[in-house]
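Some structures are shown below for you to check.
In what comes next, chain A is part of two complexes: it sits with chain B in the first one and with chain C in the second one.
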Partner chain A sequence: MKKKLIWAAEHALLVVVSFMIIFPIFWMFLTSLKRPIDAYSITFNFQPTFENFITVFRDPWNLGSMVLNSALVAGITVMIAVPCSSLAAYSFSRFRVKGRKILFFLVLSTQFIPAVVIVLPFFLMFRSLGLLDTRIALIIVNLAIVTPFVIWMIKGFIDALPVDSEEAAMIDGASRLRVIRDIVLPMATPGILTSSIFCFILTWNEFLFSLILTRRNAVTLPVGLVNFRTERGDLWELMSAAGVLITVPIFLMAILIQKHFTRGMTAGAIK
Partner chain B sequence: MRDRYFPYALLVPAFVIVLATTIYPLAYSFITSFREWDLTRQRRPSDFVGFGNYQHAITEAAFQSSLWVTIIFVFTSVLLTLVLAILLSLLLRRQGPLHTFTRIILILPFAMSPALIGVSYRFMFNPEFGVIAVGLGSIFPTLKGIPWLANPNLAMAILVLTDVWHWTPYMTFMCLGGLASIPRETEEAAKIDGASSFRVMWEIVLPQMKGVILITAILKTIFALKMFDQVVTLTGGGPGISTETLAYFVFKVGFKWFDMGYASALAWVLTLIMIFISFWYVRILLNENRAIIK
Partner chain C sequence: MTEVQLVDVEKRYGSFVALQKQSLTIQQGEFLVLLGPSGCGKTTTMRMIAGLEEVTSGKILIANELVNDKPPKDRDIAMVFQNYGLYPHMSVAQNIEYPLKLRGMDKATRNKRVLEIAIKVELESLLKRRPSQLSGGQRQRVALARAIVRTPKIFLMDEPLSNLDAKLRVTMRAELKHLHHELGVTTVYVTHDQMEAMTLASRIAVMREGRIVQLDTPKNIYSKPDNLFVAGFIGSPSMNLIEGDVRSGFFRATAVKIPVQFQDATSVVLGVRPEDLKIVSKNSAPITASVYAIELTGESTLVTMKHEATSICVRESADYEARINDVCHIAARTTGKLHLFDKSTGQRISTCSVKPTKC
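So, the complex of A and B:
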C-alpha cells in the first residue's frame, strides 16, 4: 500500500514537472496559430491560421533576412571555432606541454567573462573600423564566447578515447598529422558533432551582441523579437510566430544531442 | 625536433582567437576605465583621470542599487535552481517511461533563447490577456488584475522565475551525472537494515553529492551574474530601476548614456567579481580532475 502511494506521488510530481516545462512552450506555439483577436483572449477554441508565419516575412518585419543573418553568423562561427578548438583540445588532452596548466586555466576562466564586458571595447573598435552592423563583427565577438567552451567540451570527448591505436600507428611510422586525420578524427567525430551543435545553439540564441552591434542589416532573430513591440502595443501573435521560428530548429538539434549533452557540458568535471 | 613544437603548433589557432577576442578587449577596456570618454561629446578619449570612474561608481546610488539587485537575484535564483535540481535529479534517477519522457523534454527550456523566454513570460503575465495572470486570478480572486510586472517585488520574482525555468534542467543533468557516479551498495545496505528512504537520502546520498552540488552552485552563480537577456525583454530594468542588475547597468551606461569610461570601470568591477568566483571554480575543477585522472 505504502509502495503504491509513493509510486503515485512520484508520477504525479513528474506530471507536474513536465507540465511546467511544456506549458510556456505550448502556449507560444498555440498563440502563433491565432488571429490577433484570439491572441488577446485566453481561448483554446479558435480557428487556427498560418497567416502569422507569412506576415512576419513581409514588410516591415522582414524576418527572412534575420533568419539568414542568424544562420550565417552561427554557421560560420561554428566553422571557425570547432576546427581550431579541436586541435587545441587534442594538444591539451595528449601532450604535457610546458605551461599547460596556466594555458588551460586561461581558457577555462575566459568563458566566465560577462558578454557585456567583451562587447564594450569591441563596440569602440568596430566603430572606428566601420564594422558596426555587419555579420563579420558578430562572428568575431561570438568566437570570444564560444571558443573556450568548445575547447573544454572537445577535450572531454578526446580524453575518453583510447590512446592505444594512436601509439600503434606512431610505432608503424605514421606522422602525427596522419594519426590525427586517420585515427583520432573518425573516433572523435560524434563528440565534435555534439560540440558543433552546442556551439551553434549558443550563437543562434545570442542576444546582447546583436542588440548592441547591429541596427538594420545584420540583425539576428532574437533581437528581431523586440521589433514586435510597437506603438500599437506588443503584437503577441507575430512575436510568437517569430519565437516558433527561432525555437524549432534549435529544439530539433537539442533532442539530437540530448544523450551526449550532460557529458559534453560538464566534460570531465563529473564522471 | 619537429615533434617537440608540434603540441604548441596545435594550440596556436585557438589561442590567437582567445587572445584577440577576450584578452585584448579586456586590456582595452581596462585602460579606458581610467579615462573620461563620453561618446556624445568626445570623438576620442581624454587624458587619464586616475580612479575617477571607480570613485564615481562607489558613490552613485544607481550603482549601489544595481549591486543590491544583483545580489538578491543571484542569491534567490541560485538557491531555487539548486534545490529544484537536486530534488528533480533524485526523482529522475529511477527508471520508467514517464521518467525517460521528462528527461527528454528537460532539455527544451535550456535550448530556448533566453530573450524569447523573457518575451514569453511577459506575455503570460500580462494582467489582461496573459494566461498565467488570468489563470491565477480566476483560481485566487485576490490575485485578479494584479499588474505583475509593474510591482518591483513581483517583477523581480518573475525575473527569477524565468532564470530558474531556464537553468534548472541543465543543473538537473549535472546532478544526475554526479548521482550516477555514487556507488549504490551503502544505500542498498541501509535500506535492508530498515532505514527510511528519507533518511537514506539525507544521510547517505546527499553527503556523497557534496562535490557536484558545490560545482553546480558555483557554475550557477556565474551564469546568474551573467544573466542579461531577460532583463531587456521581460522588465526593461523596471519598474523604475528595481530589476536593473549590474550587467544591465553596464549596458545602460555604455549604450544609452554612451559614457564609455564609466561603463568600462563598471565592467571591470563585474569582471573582478567573476574572476574571483571562476578562480574558485576552476581550482575545484582541476582538483577533482586530478583525482579522476591520477
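So, the complex of A and C:
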C-alpha cells in the first residue's frame, strides 16, 4: 500500500516536471506554425502554415547569415577545441608530472569566473585588435569558455580506459603518439563524440559574448532572436520559428549523444 | 651469455621502497621465475625491465646495453600481462597482428604469420572475434600469441595463469614449458604460485619485501632453503620448523631429541619436510607426539601431530591408518635432510645428516 503510494507520487512528480519542461517547447513549435493573427490565441484550432520559416530568411530578418555564423563559430570551435582538449586530457590522465593536480585545478578554475566579469575586458581587447563583430573573435572566446570543460569531460572518459592495453601497445613497439592513435582514440571515441556534441551545444547556445562582441556581420542565432522584438511589438510567430531552427539541431544531437553516452558507459575494460 | 642484468636497482614510490637495491643476472635462454607473496615487488621488478616503470637508481642492461632511458618499444621485449592487456576494439587476428604491423611487415606476410601462430595456440577458429567474446583461457592464449608472434629478446610474463581455473592452469603450464623449450627465448616469469615456479623455472628468485632472498635452481630452493622465509614459503604443506637448542650432539625441544652433527647452539630452528619424516613404532624414536589430524590427499596421507605447542606434519603413504589422539613416534626417513637455522637472523647455518632411526 505504502509502496504504491510512493510509486504514484513519484510518477505524478515526473509528469509534472516533464510537463513544465516540455510544454514551453511544444508551445513554441505550435506558435511557429501560426499566422500572426493566431499567435496570441490559446487555441489548437488554427490553420497551420510554414510561412514563418520562409519569412525569417527574408529581408529584413536575414536569418540565413546568422545560421551560417552560428554553424561556423560552433563548428570551428569544436574542430579546434576537441583535438587539443583530447591531447591535454590524455596528458592529465596519464602523465605523473609534478604540479599536475594544481595545473588541472587552474584549468578548471577558469570555469568559476562569471562570464559577465570577463566580457568587458574581452570587448576592449577585441576592439584594440580590430576584431569586433568578427567570427574569429567569437571562436576565440568560445574556445576559452569551452576548452576547460571539454578537457575535464574527456579526461573522465580516458581515466576509465584500462592502462594495460596502452602499456601492451608500447611493449609491442608503438610510440606514445601511435598508442594514442591506435589504442586510446578508438576506445575513447564515444566519449570524445559526446564531448564534441556538448561542446557544440555550448557554443551554439552562447548568448552573452555574442551579444556584446557582435553588431551586424557576426551575429549568431540566439542574439538574432532579439531582433524579433520590434517597435511593432514582439513577433511571436517569427521568434518561435527562429527558436525552432535553433532547437532542432540541438535536439538531433541530444538524441545522438544519448545513444553514444550509453555506449561510452558500456565499452570499457575487458577483464 | 648474459641477457638481462639488474645492477643495484632500486625503486621507490615516494618514501615507500618497493625494491631495495637488488642485483640480478639473467642468462640467455633462461626461464627465470620471480616468486614471492603478493606485494613483494615482483611486478615492479618486471615493469622496470620492460621500461614501463623508471628505476629510482641503478642500471638495467639488456644484451649488455644500458636501457635505463630506452622506451619499451626499443627494448625488444614481449609481455603477457596479468589482465592480458588485449586491445578490446580489435579482433583476435588484429590483436595478434599488431606487433607485426608496428614493424612495418607487409600484409600478406602478416596474415600468414598470424595464422601460423593462431594454429599453434589453437585460436584459428576464433580469429574474427573480439576479446570480450572470449573466455579467460582463450584471452590468455591471445595474449600469448601476441607475445610470440615475433621473436623478441625477452619474454616477460606477469602471473599469466592466475585468472584461469585450476585445471586449465596445469595444462597451460605445460604449454608454456614446451613453448620455452621450442623457442628458447629468455623468459622472466612472475608468480606467487610455488607450483608454477617449481615446474617452470630454470632458476627461481624468491622475493620478500622488495628483496631477493634466494636465487637458485628449483631443486636447491626446495632442498637447501637459505633462510626461514624460503623454507616456510616453498613446499606444501610447508616445512616443519621447530624451535630449540643444540646440546652435546642433540637437537632438543619439547618432546624432541634428535641427534645432529653440530656444535652446541642456543636459539636455533630445526627444519624438516613432512616427506623426510616417518612414523615408527619404537618408543625410543626422536620425536613423540599425538595425532591431531589425518588428511588423505590422494597420493599420500598427511598426519599432523601435536605435543603441547609443537606441531609436526608427516607425509605417510596413502594407506596409512591412524586415529586421532594415538600417541606416535617420529623418525627421520633419510639422511641429510635436516636444516638448522639461526632463529634471530633466519639464515640457514647447516644442513646436517642424521642416521635414520638411529635409536
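The working rule: the second predicted complex is superposed on the first by the 248 of 271 C-alpha atoms of A that agree within 3 Å, B and C clash if a C-alpha of one lies under 4 Å from a C-alpha of the other, contacts with A are read in each partner's own complex, and residues count from 1 in each chain.
The criterion applied here is as follows: contacts are C-beta pairs under 8 Å (C-beta built on N, C-alpha and C of every residue); 3 or more make two chains touch, one makes a residue touch a chain.
The structure presented is a predicted model; accordingly, all values stated were derived computationally and were not measured.
Colleague: Now for A:79: first (chain B), second (chain C), both, or neither, which partner does it touch?
Modeller: neither
Colleague: With the two complexes superposed on chain A, say which partner A:164 touches: chain B (first), chain C (second), both, or neither.
Modeller: second
Colleague: Based on the superposed arrangement, let me know which partner A:172 touches: chain B (first), chain C (second), both, or neither?
Modeller: second
Colleague: Between chain B and chain C, whom does A:222 touch in the aligned arrangement: first, second, both, or neither?
Modeller: A:222: touches chain B, not chain C.
Colleague: Touch test for A:103: chain B only (first), chain C only (second), both, or neither?
Modeller: first
Colleague: Counting residues of chain A touched by each partner, does chain B or chain C come out ahead?
Modeller: Result: the larger residue contact count on chain A belongs to B.
Colleague: Taking the superposition on A as described, I'd like to know which of chain B and chain C A:121 touches: first, second, both or neither.
Modeller: first
Colleague: Would you tell me the residues on chain A in contact with chain B in one complex that are also in contact with chain C in the other?
Modeller: On chain A, the overlap between the chain B and chain C contacts is residues 176, 268-271.
Colleague: Could you pull out which chain B residues touch chain A in their complex?
Modeller: Checking each residue of chain B against chain A gives 3, 6-8, 10-11, 13-15, 17-18, 21-26, 28-29, 32, 88, 91, 94, 96, 98-99, 101-102, 104-117, 119-124, 128-129, 131, 134-135, 165, 169-170, 173-174, 176-178, 181, 197, 211-212, 215, 222, 225-226, 228-229, 232-233, 247, 250-251, 254-255, 260, 263-264, 267-268, 270-271, 274-275, 277-279, 281-282, 285-286, 288-289, 292.
Colleague: Of all residues in chain C, which touch chain A in the complex?
Modeller: Counting only chain C, the residues touching chain A are 50-52, 71-73, 77-79, 81, 83-89, 98-99, 102-103, 131-132, 139, 146, 156.
Colleague: Touching chain B in the complex: which residues of chain A?
Modeller: 6, 10-11, 13-15, 17-18, 20-22, 24-25, 27-28, 31, 39-42, 80-81, 83-85, 87-88, 90-92, 94-95, 97, 101, 103, 105-110, 112-118, 120-125, 140-141, 143-144, 147-148, 151, 176, 201, 204-205, 207-208, 211-212, 221-223, 225-226, 234, 236, 239-240, 243, 246-247, 250-251, 253-255, 258, 261-263, 265-266, 268-271
Colleague: Going by the contact rule at the top, pick out the chain A residues touching chain C in the complex.
Modeller: For this pair, the touching residues of chain A are 162, 164-165, 167-176, 178, 182-183, 186-187, 267-271.
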